[in-house]
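Order of writing sets the chain letters: A, B, C and D. Residues in each chain are counted from 1.
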Amino acid sequence: MLTKINNPRLMLTSVAASLLLLGCTATPVATDGVKSLAQLETVDSNTVNIKPDPSLPPLPIEKTGKIEVLPAKYPESWMFVDEVSFQSQFGGKMIILDVAEPKQSKLIKGTADKNLVGNFANSKTRPEFYILESFHERGSRGPRIDLLVIYDKVTLSPIKEIVLTHTRLTALPRRDSMTLSADEKFLYIANFSPAASFTVFDLDSREVVDTIGTPGCVLPFPTGERSITSICSNGSLLTTVLDNNGKKASQHRVAPFFDTDKTPIFERPSYIDGIGYFPSFAGEMHEIDLSNEVAQYKGKWSLISEEERTAGWRPGGMTLSDSDEQGLLYIIMNEAGFDGSQTHGGNQIWVFDVKSRTRIAKFDAPNWAVSVAVTRGKKPLVVVTNGEMNLDIIDPITGKFIRTLSDFGNVTPIVLFKAY
Amino acid sequence: MLTKINNPRLMLTSVAASLLLLGCTATPVATDGVKSLAQLETVDSNTVNIKPDPSLPPLPIEKTGKIEVLPAKYPESWMFVDEVSFQSQFGGKMIILDVAEPKQSKLIKGTADKNLVGNFANSKTRPEFYILESFHERGSRGPRIDLLVIYDKVTLSPIKEIVLTHTRLTALPRRDSMTLSADEKFLYIANFSPAASFTVFDLDSREVVDTIGTPGCVLPFPTGERSITSICSNGSLLTTVLDNNGKKASQHRVAPFFDTDKTPIFERPSYIDGIGYFPSFAGEMHEIDLSNEVAQYKGKWSLISEEERTAGWRPGGMTLSDSDEQGLLYIIMNEAGFDGSQTHGGNQIWVFDVKSRTRIAKFDAPNWAVSVAVTRGKKPLVVVTNGEMNLDIIDPITGKFIRTLSDFGNVTPIVLFKAY
Amino acid sequence: MKFLDQLFEKKARSLAQTSGRRGLLKGLGAALVGASSIPLLPVARASEGPSMPKEFGDEGSCDYWRYCAVDGFLCACCGGSTNSCPPGTEMSPITWIGTCTNPVDGRNYVISYNDCCGKTQCNSCLCQRDEGDRPLYRSDKSNDVNWCLGASSSVYHCSTAIVVGIAFEK
Amino acid sequence: MKFLDQLFEKKARSLAQTSGRRGLLKGLGAALVGASSIPLLPVARASEGPSMPKEFGDEGSCDYWRYCAVDGFLCACCGGSTNSCPPGTEMSPITWIGTCTNPVDGRNYVISYNDCCGKTQCNSCLCQRDEGDRPLYRSDKSNDVNWCLGASSSVYHCSTAIVVGIAFEK
């Protein structure tokens, strides 16, 4: 029935199957079988050494319409990549990536759209994640709407969309633009118009509870059971305490501990055991205890020696630090830092034991480092967004560069989140 | 009043202006002037040789809110670039580009958004152009709407948006997805669901006149005064004749002149003096007279010699040909063509005098050629979308490569249109 | 779009050197087949033979045999597979088809390249082979069309390559 | 975003070599100035002197003096100029500011980096200098924010660099 093919390098077969296209109005054209021999091609490298065996049974006909699903619990090596798509911001998305997957084509597990520099938050206990995105009715034109979209982690489909009425923060992505309370009862959403506030969203009822003003203070760093700490324009902190319904109970100021002009700190902390670690532009590490009802400033220490400071070492990057589950902190360092280089990244990753406030390792970023993240588990991998906007995978124990991940839909993957 | 600066290489000045930010809730922080000398930098190459002259009067304070406008008649060297943004299709746009502009920063004259692989048409006589685009309410989700947007060429703002109800053609962009009647009274809009039809739009009243089915036949090639010719799945043509109101008067078949399986032609013609030039995959040139009420097939001739055919020469590319105002036709040729290479582009541009059906020139595409276009006027420039998705500019008289245009917002600029 | 390979792989000018290499099977009078019409297809069904049917190759590679007429992002790289869509997308019911030869059994199969729709472009594993591709007037074989026109979302995400029949010898 | 330069210019790893080069003026206690509040600004006005005020350099180059704190696409490359928006866009009334030194007269000027909004990103002449840039808690000096939040469209297209005052000596 089938043309016998002895030499796969000169394969040419004449076929004609039946003519059917549902909904197609084109007049089916009867084809008359034997075609010109105009093109003889070698077969692909993939198949060039295969000798066809026509005695094999034919492949089964496959069903259409099949859609994949994901496990409810994501493996430790999976991460959420915030692909902000800086030069085409309607195309932003979260990419769910297995950074330990050896096979290139299996890196991507799925995606969720995130329009116009949307914000993202992830749940550790609920089988869902949260995207806050905005749309104009006509792309760049027409009325704007801000939407909180609750996604099902298994199907990657929206469960519910909630219209929000306070202008959400739209800035380069960061890990703390939306955060969850310790018990994951409430989601806290940063607003910025540029008046600053945050919206409390109840994850059980899936309804907005309230929006609470934080004049001059930004971002919702979760604190204790039911509190939110924000960082203020005068170098102080503001903790908002909620009641059990998510309504404001009280607000508390923590005295200024830095100068926003002279000694600025990054507003992108890492967390270890209830302490928020906020590096300064110049290389001090500020500790803020976020484990109780009100934030408490715990002092600072230096990431760098005097010699290193003189040499020009500074921390820097878009997502410049992360912590692993063993309590180590990883931070990008730039040997040629200056005021202006703070978001540009660096050439090394330094690893700190924050308990002893000592550096325990450092390794070179193989291709520059703009952002850093660490996977979950006892044997974490360090994932670095490099200068070419690909991801370099490094073993933090040995400091050894493992490989570069590219062509996973990445254009500007500047924030990575642990997946649960 | 100002710190005197003698050495611009060691510039450091302490400044403090007044504190005002309309609508900003941040508490203004009083700054105390003298700052740390932590960073001393050399100034930029731009300015390094300038000796500041403080006796000059200060720069005037500038107004905000200024928006540029364009001339109603675009110069001959301007083109519309269809930036389809293939890997981020919400970010598609038309870029108005002066391909003869020597200064890099002045290449772009303006842009108009074109969402989800929208279609474009340009008017020669009206101070407007047309974009057909689609939106879902929530980016990739929600109800879809197809919109014809009429743009003002001077302000690059929408004049009117018209909702269309027949599924518009969504395919890789081409020059003939929307076309105008010879007198520019009517706009013809291709629909494809995959049932094929075209919508007649009155450019005077700015209203839809009618939608006319063309079963099995696609694309609206303008014909004569008030006719539209489409190309059919059996290798024939269908001409639809309209009355003066834009309603269907009659339809006429032109007998099949090619085999859509064996001897396919490109559906992307160039036009010279009322004749549509449709190359075949294998290198024949089919002439269709579109100057009268009903299309007339005028026969074919070969772009290539027998030797060239044997060697593998074939035409190919996304927008593989264009004509200049002197009546010359430019077509991309691939020396290693095969059935499957038709949209891949080629390594040379050949120039034909279609009256004498002879090739009068050929030149190498400096960096591969995927699409080709020619500017208006007596001294046209050839513009080639190259394999890196930049534009190579070539002088067709000498065949000499002039320069490459890049970084003009281009990602996948695969169709170019003359601007008027 | 083959010419886009370069863009994604950032290898300039490789196209000119490689564009003649591909072409497992030419455009040979293949069928007008919509995936949703499979039950009506008079094609050979998988037999219940003693040995198992076989394929060979990397379904994440553009060279894989099923992709002979493909033009798009491979769903096998996007969280889907050759015959399934990534999570949260929707498979278009209508599409274009190609006829590709399985090098393991030497048979020609009708492949339906159903698009997965409803999320922003996958933007991984761009593959443009175009063997047997025809222009818009042969819509059944036209891969320039956004076939998500048949889905509830017209946003193209990636392309599958589904075995929907055996192409009969003529 | 400076690290994006590479992406756009396709020059890998140049960042590490060049990131220390820039820095015309450090972040020196500059002003909280919104462009819409200019009439209220107690700044020096252009004098009616005999010689003309001067600037020098290519306003399409990231090195141009006015761009010392910029982070975005330069409107001067997008159909606009240092102080005007491209056709069909809208200038945001609020924004962040920097203080840059004009090398011709040696003066420090307050520069307002008003975004132009309402069309898809210009995607040309990406420039990230960030001198004096501060995080979100100092929103007046924060260039990570999409300042199109003050315009009718929140879609960012490009950034201007408008002289809105002279920075006084302290």
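Everything below uses one rule, namely that a residue touches a chain if its C-beta (ideal position, glycine included) is under 8 Å from a C-beta of that chain, and two chains touch if they have at least 3 such contacts.
Chain by chain, the UniProt names read as follows: A, B = Methylamine dehydrogenase heavy chain; C, D = Methylamine dehydrogenase light chain.
Treat the numbers as computed from the prediction; the structure is a model and nothing was measured.
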| item | value |
| --- | --- |
| Between the pairs B-C and A-C, the one where more C-beta pairs touch | A-C |
| Furthest chain, CA centroid comparison against chain B | A |
| For chain B paired with chain C, centre-to-centre distance based on mean C-alpha positions, whole Å | 28 |
| Cα-centroid distance, chain A relative to chain B, in whole angstrom | 35 |
| Chain C and chain D: spacing of chain centres that average the CA atoms, whole Å | 48 |
| Whole-Å gap between the CA centroids of chain A and chain C | 31 |
| Multi-partner residues of chain D (each touching 2 or more other chains) | 8, 20, 22-23, 26-27, 29, 94, 119-121, 123, 137-139 |
| Set of chain A residues in contact with two or more other chains | 21, 23-24, 26, 28-29, 31, 35, 38-39, 41, 87-91, 113, 139-141, 193-194, 196, 216, 232-233, 260-261, 338-340, 411 |
| All chain pairs that touch each other | A-B, A-C, A-D, B-C, B-D |
| In the complex, chain A residues that touch chain B | 21, 23-29, 31, 35-36, 38-39, 41, 85, 87-91, 113, 115, 133, 135, 137-141, 147, 158, 161, 193-196, 215-216, 232-235, 260-262, 282, 338-340, 411 |
| In the complex, chain A residues that touch chain C | 1-5, 8, 11-24, 26, 28-29, 31-35, 38-39, 41-47, 50, 52-70, 91-93, 96, 103-113, 151, 154-157, 407-409, 411 |
| Chain A residues within the chain D interface of the complex | 86-90, 116-117, 134, 136, 139-141, 144, 167, 169-172, 192-194, 196, 216-219, 231-233, 260-261, 264-268, 312, 318, 334, 336-345, 347, 367-368, 370, 387-389, 411-412, 414 |
| Contact footprint of chain B on chain C as seen in their complex | 1-4, 6-8, 12-13, 15-16, 19-20, 22-23, 26-27, 29, 71, 94, 118-121, 123, 126, 128-139, 142, 144-146, 148-149, 153-156 |
| Partner chain A, residues of chain C touching it in the complex | 8-9, 20-38, 40-49, 51-61, 63-65, 74, 76-81, 83-91, 93-94, 99, 101-110, 112, 114, 119-125, 137-140, 150, 162-170 |
